[in-house]
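Look at the two complexes coming up: chain A is in both, with chain B in one and chain C in the other.
And then the complex of A and B:
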């Protein structure tokens, strides 16, 4: 099989996968309504009660827009392959990939991208609709250049998140029951990335720490960019940092996987 | 009647002991269950933290009051995970794999053994302790007098809340008798439950009324602290006494209908 057709096949495998479980995906998306409702009513109450125009550096419409987009963004970049990898490692499912002419990493990347490509279209379409609604309702600024820039950084955010969780999945080589650790990590990473509240609600020290971590480049940075609150140099620096972190985690995952595979016992022969 | 109650209490005691022994065997799982819950607890605390950092009275609630509501929500989540959650999740497995057969043959009520068999300590420990802690801290910070009547009624309300929680959340799980797969339904009911992250008075009046009367999730976590704060009207108090019985009755009826749909899967 030629090289590129091999990856194309894996990619289409991911696409098929996401189309097969479409009900699940849409229900998942529908479930996003409830956290959005909580955030909406909560911030509305905070803003009307405080009587201030700006809370934590956000105006009312910016805060609502951030909350809605953050929930959607967390859905978009969310990964579940770490559980599959852990199962492959635990039950010996990894064996069949070791003898195949495709690397496990590239298999996972293309499968992931295939799966996300369909979901991305849906979520982005939804985001655009919501942004237009917010624009009509709350005067949320919609700028074409920012939307285009946003579309440029979303793939990096996706890849960064992929490598973070691919590195994490190597933990399964050392602990057979890693699911608890995965779930805890995902929850904390979402908070640290600004998937629940914007990072501006924390004190200056906490915020500085969170900005130094890679997670904010997955959710917080793209949404801030989209809302038009970042300057040109800030956008450039953010996009650079995304690439740097992708490099760091790609290296880390290679290292961890090389170490981990020496521990692999190929259960089930 | 009393004899039956005594018998069931005895059986339940055996269940609790059995579950405790089983879970202590898998200590790492117990540990991870707790770390997951600590992460969720962190999310709940963020809502309180935002209230404290803004530092204003939000829709009539001071940050201390917010802490009491979130504490009540946390504790109720803990009790739900302790007594019911794993049972409700297992129900669809029983239906799919036909393992309900085994339970049908037991000489006790099927609903009792199918919905109360497991007691989960791992996922509940953190929440019950942290929730109680938040309530106590908020209570003392607001200088609310600790009278025996107030404490007793509060505890009674917590108990009523647990009963109501059982009745309301059993119903979505029963859908598995028709659809077999209930992951999506369960996800949805959890999402609705999570709306208790903030006090009910944060929401608009239509959402509030639906959550109080139609699908009374707000009642469970909001009414006990509302009582402590002397903000519960008489009408609401009466509703809190009726609702658990009413929904228990409804869920029992639905159970009886649902069980008729059971077609033993394997044999």
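And then the complex of A and C:
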């Protein structure tokens, strides 16, 4: 009960923190419009110049719908805490957590969920509006069971992404300045997860490799589910794999953090 | 004994970078690693309720020692016990009983009012509601910051923020309070207030306080005992007023003469510390006080003279200089 209140408070501080700078919050969301526009013009050009109805197995409408949803999904599960963690490690800010009777991991999870929750509500609301627009304009299938299933796999996608980046953040123990590594990784992970293009546009071998990696369960899988292109067993297998990967990365992060903390030199002050 | 430290050492490895861009580029490929012994083989023990100050120049190893006592750092060798726990095992039962405040770091959430962070600490340390309200009321009263609890931390002045940091550190009534440069960057009045607060708090709650500082005044006013540390070694452990005894009971004699005297004349008398026109300063053994005074008054055109103890600052500077050789004291 007591422990419960500690995490609840961390969660609530995360929420409050994300609401403290309102302009930043909305600009952040507003920024998502530009990648959407770029995708839109890009695919229009591709389809016009190819003169075909189907490109990489996608119709024009499907492609636009995928691209828009991929940008929103990337926004929905995106993390920035790895930069904070790296700074804490570099400047010695981690000290204040080490001396308190609180687990850093659980502190970070609840803080992340708190910060994310408001943004998620807004993004999800936006997604509903956009889906209705897509439906009216491009005949995007809006199907309640799929939407509900989608909402079930989003939390797993979020947690998987959390653990991937929490594991990654531990590299800051070894490379004191890790931001370059984070940016590169985020870019590659986004591409490998289908955040830029659907994985189908890569060759069959590349696609098979990417499907074997964890990243597609964060973006590609939920969107395909939402678009209604997956069968029941495929959905079950995907949801299962999400859990497996969460387990793998939770274990990995524990290992990396334990190793890293013995290297930690608590600089300054 | 609430804190026992035995043969504690900590060394860091780091790489050197020479001046300039060229060496930055060289550093990308090949780095010359070096080892720094931040703390070398220190031993001491502290009893419950004591206020002990670590004094030393920058880089002497004071902060490193505190970090090992709080479990943030693993030592390279040696052992330490705080309430019987080994700090760097980071047991929760251990963490609940102490607090550390770092003058240059903040634990409060920067963008939110301080009371949010305080409440988070309440939850983390499992302080019950009544207790929390009472402690918070008492501390805000003592530090005079009741009105500021709802202001975002980033809008507070340095002094105000320091007070909030202290409240955050004391909300669970720690038995040991570790303070790393608690008055750094504060103006003289805020420094004094914070010191008075610590003195009161120690008397009232019997909390053991271990602090580091390079401000003499901090240590002189608050601590019955100081551990002077230099180049990672303890050079002195005891009351500050005993620093002089450790230096061999030296005294300073200041003279004002009616006319200048040749320096060789003065050198006959004893060790001349300073000499400028008609003002002379001697350093001498306390046992020679009679002989010195008599000779000086008989042979020199004295119009005024005083005999004083060596000021503590100078005594400490002498200890710093004598450095590593004569560690292991008291």
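Assume the second predicted complex is superposed on the first by the 267 of 269 C-alpha atoms of A that agree within 3 Å, B and C clash if a C-alpha of one lies under 4 Å from a C-alpha of the other, contacts with A are read in each partner's own complex, and residues count from 1 in each chain.
We take it that a residue touches a chain if its C-beta (ideal position, glycine included) is under 8 Å from a C-beta of that chain, and two chains touch if they have at least 3 such contacts.
The structure presented is a predicted model; accordingly, all values stated were derived computationally and were not measured.
K.L.:
I'd like to know which partner A:37 touches here: chain B for first, chain C for second, both or neither.
P.N.:
A:37 contacts chain B only, not chain C.
K.L.:
Output check: A:45 vs chain B and chain C. Expected answer is one of first, second, both, neither. What do you get?
P.N.:
first
K.L.:
After superposing on the shared chain, does chain C or chain B touch more chain A residues?
P.N.:
Of chain B and chain C, more residues of chain A lie in contact with B.
K.L.:
First (chain B), second (chain C), both or neither: which does A:98 touch?
P.N.:
After superposing on A, A:98 lies in contact with chain C but is clear of chain B.
K.L.:
Once the structures are superposed on A, label A:23 by its partner contacts, choosing first (chain B), second (chain C), both or neither.
P.N.:
first
K.L.:
For A:191, decide between first (touching chain B), second (touching chain C), both and neither.
P.N.:
The answer is first: A:191 touches chain B but not chain C.
K.L.:
Which partner does A:181 reach: the first (chain B), the second (chain C), both, or neither?
P.N.:
first
K.L.:
Quick check on the superposed pair: does A:6 touch chain B, chain C, both, or neither? Answer first, second, both or neither.
P.N.:
So A:6 only meets chain C here.
K.L.:
Using the superposition described at the top, list the residues of chain A that contact chain B and also contact chain C.
P.N.:
Dual-contact residues (chain A): none.
K.L.:
Any idea which chain B residues touch chain A in the complex?
P.N.:
28-29, 31-33, 35-36, 38-40, 42-43, 46-47, 49-51, 53-54, 56-59, 183-184, 187-188, 191-192, 194-195, 197-198, 202-204, 207
K.L.:
Mind pulling up the chain C residues that touch chain A in the complex?
P.N.:
Spelled out, the residues of chain C in touch with chain A are 12, 63, 67, 70-74, 90, 92, 95-96, 98-100, 102-105, 107, 109, 111-112, 116-117, 119-121, 123-126, 152, 180-181.
K.L.:
Help me check something: in the complex, which residues belonging to chain A touch chain C?
P.N.:
Residue positions touching the partner: 2, 5-6, 8-10, 13, 16-17, 20-21, 92-93, 95-96, 98-102, 262, 264-266, 268-269.
K.L.:
Please name which positions on chain A make contact with chain B in the complex.
P.N.:
Chain A residues touching chain B: 23-24, 27-28, 30-31, 33-35, 37-38, 41-42, 45-46, 48-51, 55-56, 177, 179-181, 183-184, 187-188, 191, 196-197, 201.
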